[in-house]
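Read from first to last, the chains carry the letters A, B, C and D; within each, the first residue is number 1.
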Amino acid sequence: MNKLKIAWARAQDLLSGDQSADRVVPPSGYTSSLTSFVAGAMAFLSVFALALSLATGRLAERWSNELANTSTVRISAPEGQAAEQAKIALEILKVTPGISSARLMTQEEQRRLLAPWFGDQLPMENLPIPSLIEILEDSQGPDVQGLKLRLAAEVPGAVLDDHTRWRRPFVTAASRLRLLGLISIVLIFVSMAAMITLAAQSALSANDQVIKVLRLIGAKNSYIVKAFVRRFTIRALLGSTFGTLFAMLFILFLPRVAEEGAFLTGLGFRGWHWILPMFVPFLAALIAFVATRIAAKHTLQGPS
Amino acid sequence: MIELKKAGFSYGDGAILADVNVHLAKGSFHFLTGPSGSGKSTFLKLCYQALMPSAGTVKVLGKDVRAMTQDDIAMVRRRIGVVHQDCQFLDHLSLAENVLMPSQVSGRDVRDDLTNFNQLMDWVDLMDRINALPAELSGGERQRAALARALILSPDVILADEPTGNVDWAMGKRLLGLLIELNKMGKTVVVATHDMNLIREAKSEVPARVLRIQNNSLLVSGADL
Amino acid sequence: MNKLKIAWARAQDLLSGDQSADRVVPPSGYTSSLTSFVAGAMAFLSVFALALSLATGRLAERWSNELANTSTVRISAPEGQAAEQAKIALEILKVTPGISSARLMTQEEQRRLLAPWFGDQLPMENLPIPSLIEILEDSQGPDVQGLKLRLAAEVPGAVLDDHTRWRRPFVTAASRLRLLGLISIVLIFVSMAAMITLAAQSALSANDQVIKVLRLIGAKNSYIVKAFVRRFTIRALLGSTFGTLFAMLFILFLPRVAEEGAFLTGLGFRGWHWILPMFVPFLAALIAFVATRIAAKHTLQGPS
Amino acid sequence: MIELKKAGFSYGDGAILADVNVHLAKGSFHFLTGPSGSGKSTFLKLCYQALMPSAGTVKVLGKDVRAMTQDDIAMVRRRIGVVHQDCQFLDHLSLAENVLMPSQVSGRDVRDDLTNFNQLMDWVDLMDRINALPAELSGGERQRAALARALILSPDVILADEPTGNVDWAMGKRLLGLLIELNKMGKTVVVATHDMNLIREAKSEVPARVLRIQNNSLLVSGADL
């Protein structure tokens, strides 16, 4: 609690901070523009990767939905037993984990299903067509092998036909792409952190003389640290804000061209996802804050 | 104010200073001389804690320097005005901002020091250069600015390393006059210099002692050189 | 020709270059480690993006292949005319652009096709089952609307069933992901170029005094430029080589875990694709070379 | 060797130097004096093309400086040894490497200059410091190193800005002796200094002329100060 208060006071201090202290850090110089730029570029890349990852996520989700209702259980039984066996099968399916619902298809539905091969004039009534149970799997899907065994034991006429199997890889592929997108984001953030740290250190070492002079005239370490940390945090915040905004604009205007790919519904953010990229600048600023603080304290540890 | 007892210092290989015993009392005026490379700057750095003694003790304003934290050192330096031999400045700030910097970093209201600032600038004859950047100053101007910065907080102790090396004789006498003036107000002054004329000049006005570094040890002489 | 010779001589000079000149540039310092690191991190990211993009490309290709043979033409005609109409349809299909082959399915094949719904005991002979023509589309696919019209006119009993339509978006989505991957690579390279340029400039400005001293003692501009360019090109080359190798190792060891997604067959490079990432370090070095050269010449333009 | 005709210079606002006419002939020895901030360093910078004249002409080694390319300037500087008032070095290289740097950048075989190097190091008494980094040298040691660097290529012209500001009198006389020696070998020497004793000392040995900068103009005096 107390620590939190101190941290808060420190943050306020940092933002309102006495302007004069800022003047002691040389205002521009390439190293500081480098910091801003690194923060900006990495923010841009991470927002882009975030958008990619979210879009792939949506893709995976959509595909899962599309593919969710294609398993069937076919029951071929002598005239009288079909209904009875279907009932038993439905009960088994209802308690099977991985299946969210199961229901008997109507003749009309079955006709539509077969239309591609037989046209819609097929005389269903005269054919020995089996009953079909449509299964909605949930995202994991059932244990197919176990279910097959159980059905074989209790409903001799039942055959499980797992149409989704060949489609599942699409979903897996999409989820993996999403995972790789997330990995990219993590990699980008790690690189950003390392680069901001190095930029802060290089700025500190470039401002070696500034630090020497300040110490010579009686500046406390906390004063020096604050001046540098403030400067760098603001730089990283500004740089990454620009990078984020730029990336969001870029994404907003990029995908119109190729919109036809209906499945990947544009690269843009959807709904509350628009909030996610807003965190990027704060994360960058936080990294800069911590990195500069550590680098400055380290630099100031020695004597003189 | 500053007291060295059996103090020694070495940068690694051989000792630069050994067995130094000296007391720079309040209100005293000392010159520090010795051949180039003998250890004058090193001695002054021991006095303002840019270096820590390798042996013996150094007490500054009554405190043993070894027991000081970095913040303690910062506080001490606000009461010690230092003219470094290289006169380092913040290159991106004007002369005025540089001279007033000690006031700023110690958290004072800079306006309180403006009178002092004006007087000092007049004395060192830099009033018309206060907006120049350090790189736009001549060697002697930089040296005078460094002296002004050392004096801006009216420190109790003034340590000046070669403050007149780059100025002409007239200006040198003028700067010396300022230091003598301050010494008469009770400030402790130490000036490292090679200029024997300067020492002679001072001796005619204040009872200055001369510290001479030779063969790694500090010799104190009262009246003569 | 002559220009090429000069460029080549210059490159040789640069690599063999008299070692002594190098000594004038301060050996390390944070700004130069920053350059190496920036080059390394960006190389890592671009190799990663390259791998992602290539993997997505493979995915798209594979899906296209998987989906290539699922169009059918169904011919429902009175007993006698079926064979005749099928022949006409086949001829039409043969000359339709976008179709690579078309053939009549045997009864056995049709039975297998229907097995999921009817089991394999379906008495095909007794049923009014239409003839089916299997169509292999090429990558573009035929003009479906035109083909339908033509079939309707010449083969009254023929119905074109374009199963691939609902699968095509998968392929489109995959190609778009590949495109986005390529865009990421371009973005990463642009950022890398900008960052290396800034790092070079910040190093030059940090070494302002070095340049001043060198000029004071009579160094020619070309000497100074060469020293800095050499240093920075080598730094970028080393950094990005490490980054590239690291990324390749990372990719080699990453995907084993999730290998089950058979469609996205691992993130790794395949065959000659392994050569592609090797270009990254050279590109980075080239960028560093050009950036430092420009920055150095610019810095040295002024007097003194 | 160096000839200024109606040369003037201004950093922007007011003129620092105006209507300067002087010829620094081959084999001549000049002292340059004047109050701090009068323009001594500026004058020397005009002589080695760190600054270009705002008015009039400056000819160095027979060439008008305005017509020089940057490579020309580099070539000229190999024949002019300069001791800069700030004595700047490459901070990451040892004293020896720094002193030999002019030999290296001009593409000579450094081994050819080792004899000269040894003699110079002996003369300026830095033989036991040749492996030190510039930051590990005292103020006077740096100044002597800068002089040695200026002389390593046996230049035709030597421009020294305050080369004895940080050394003691004995060392100052020694450095002056070196410059007089070189002058007697036919080199052109210009020394900016505030030290009147040094000038007096030199005049007893060589027919040195004194250039005095006052109120933006250069006054030449033959024998007296």
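Methods note: a contact is a pair of C-beta atoms (placed from the backbone, for glycine too) under 8 Å apart; a residue touches a chain by one contact, two chains touch by 3 or more.
Treat the numbers as computed from the prediction; the structure is a model and nothing was measured.
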Where the contacts of chain C and chain D overlap, which chains show up? none
Averaged over CA atoms, how far is the centre of chain A from the centre of chain B? Could you give it in whole Å? 62
What whole-Å value do you get for the distance between chain A and chain C if each is reduced to the mean of its CA atoms? 22
Compute the distance, rounded to whole Å, between the mean C-alpha positions of chain B and chain D. 29
Can you work out the whole-Å distance between the CA centroids of chain A and chain D? 67
Sort the chain contact graph into one of these: line, ring, star, complete or other. ring
Contacting chain pairs, sorted by label, are A-B, A-C, B-D, C-D
Looking at the complex, which residues from chain C come into contact with chain A? 29-31, 33-34, 37-38, 41-42, 44-45, 48-49, 52, 56, 59, 63, 72, 74, 76, 110, 113-114, 116-119, 121-123, 127-130, 132, 159, 161, 163, 169-170, 172-173, 175-177, 179-180, 183-184, 187-188, 191, 194-195, 198-199, 201-202, 204-206, 254, 258, 260-264, 267
Taking the complex as given, what residues does chain D use to touch chain B? 11, 33-37, 40-41, 85-86, 129, 136-141, 144, 161-162, 165-172, 194, 196-197
Provide the residue numbers of chain D that touch chain C in the complex, in ascending order. 48-52, 70-71, 74-78, 82, 84, 88-93, 97, 101-102, 104-106, 110, 149
Mind pulling up the chain A residues that touch chain B in the complex? 20-21, 23-24, 26-27, 209-210, 212-223, 300, 303-304
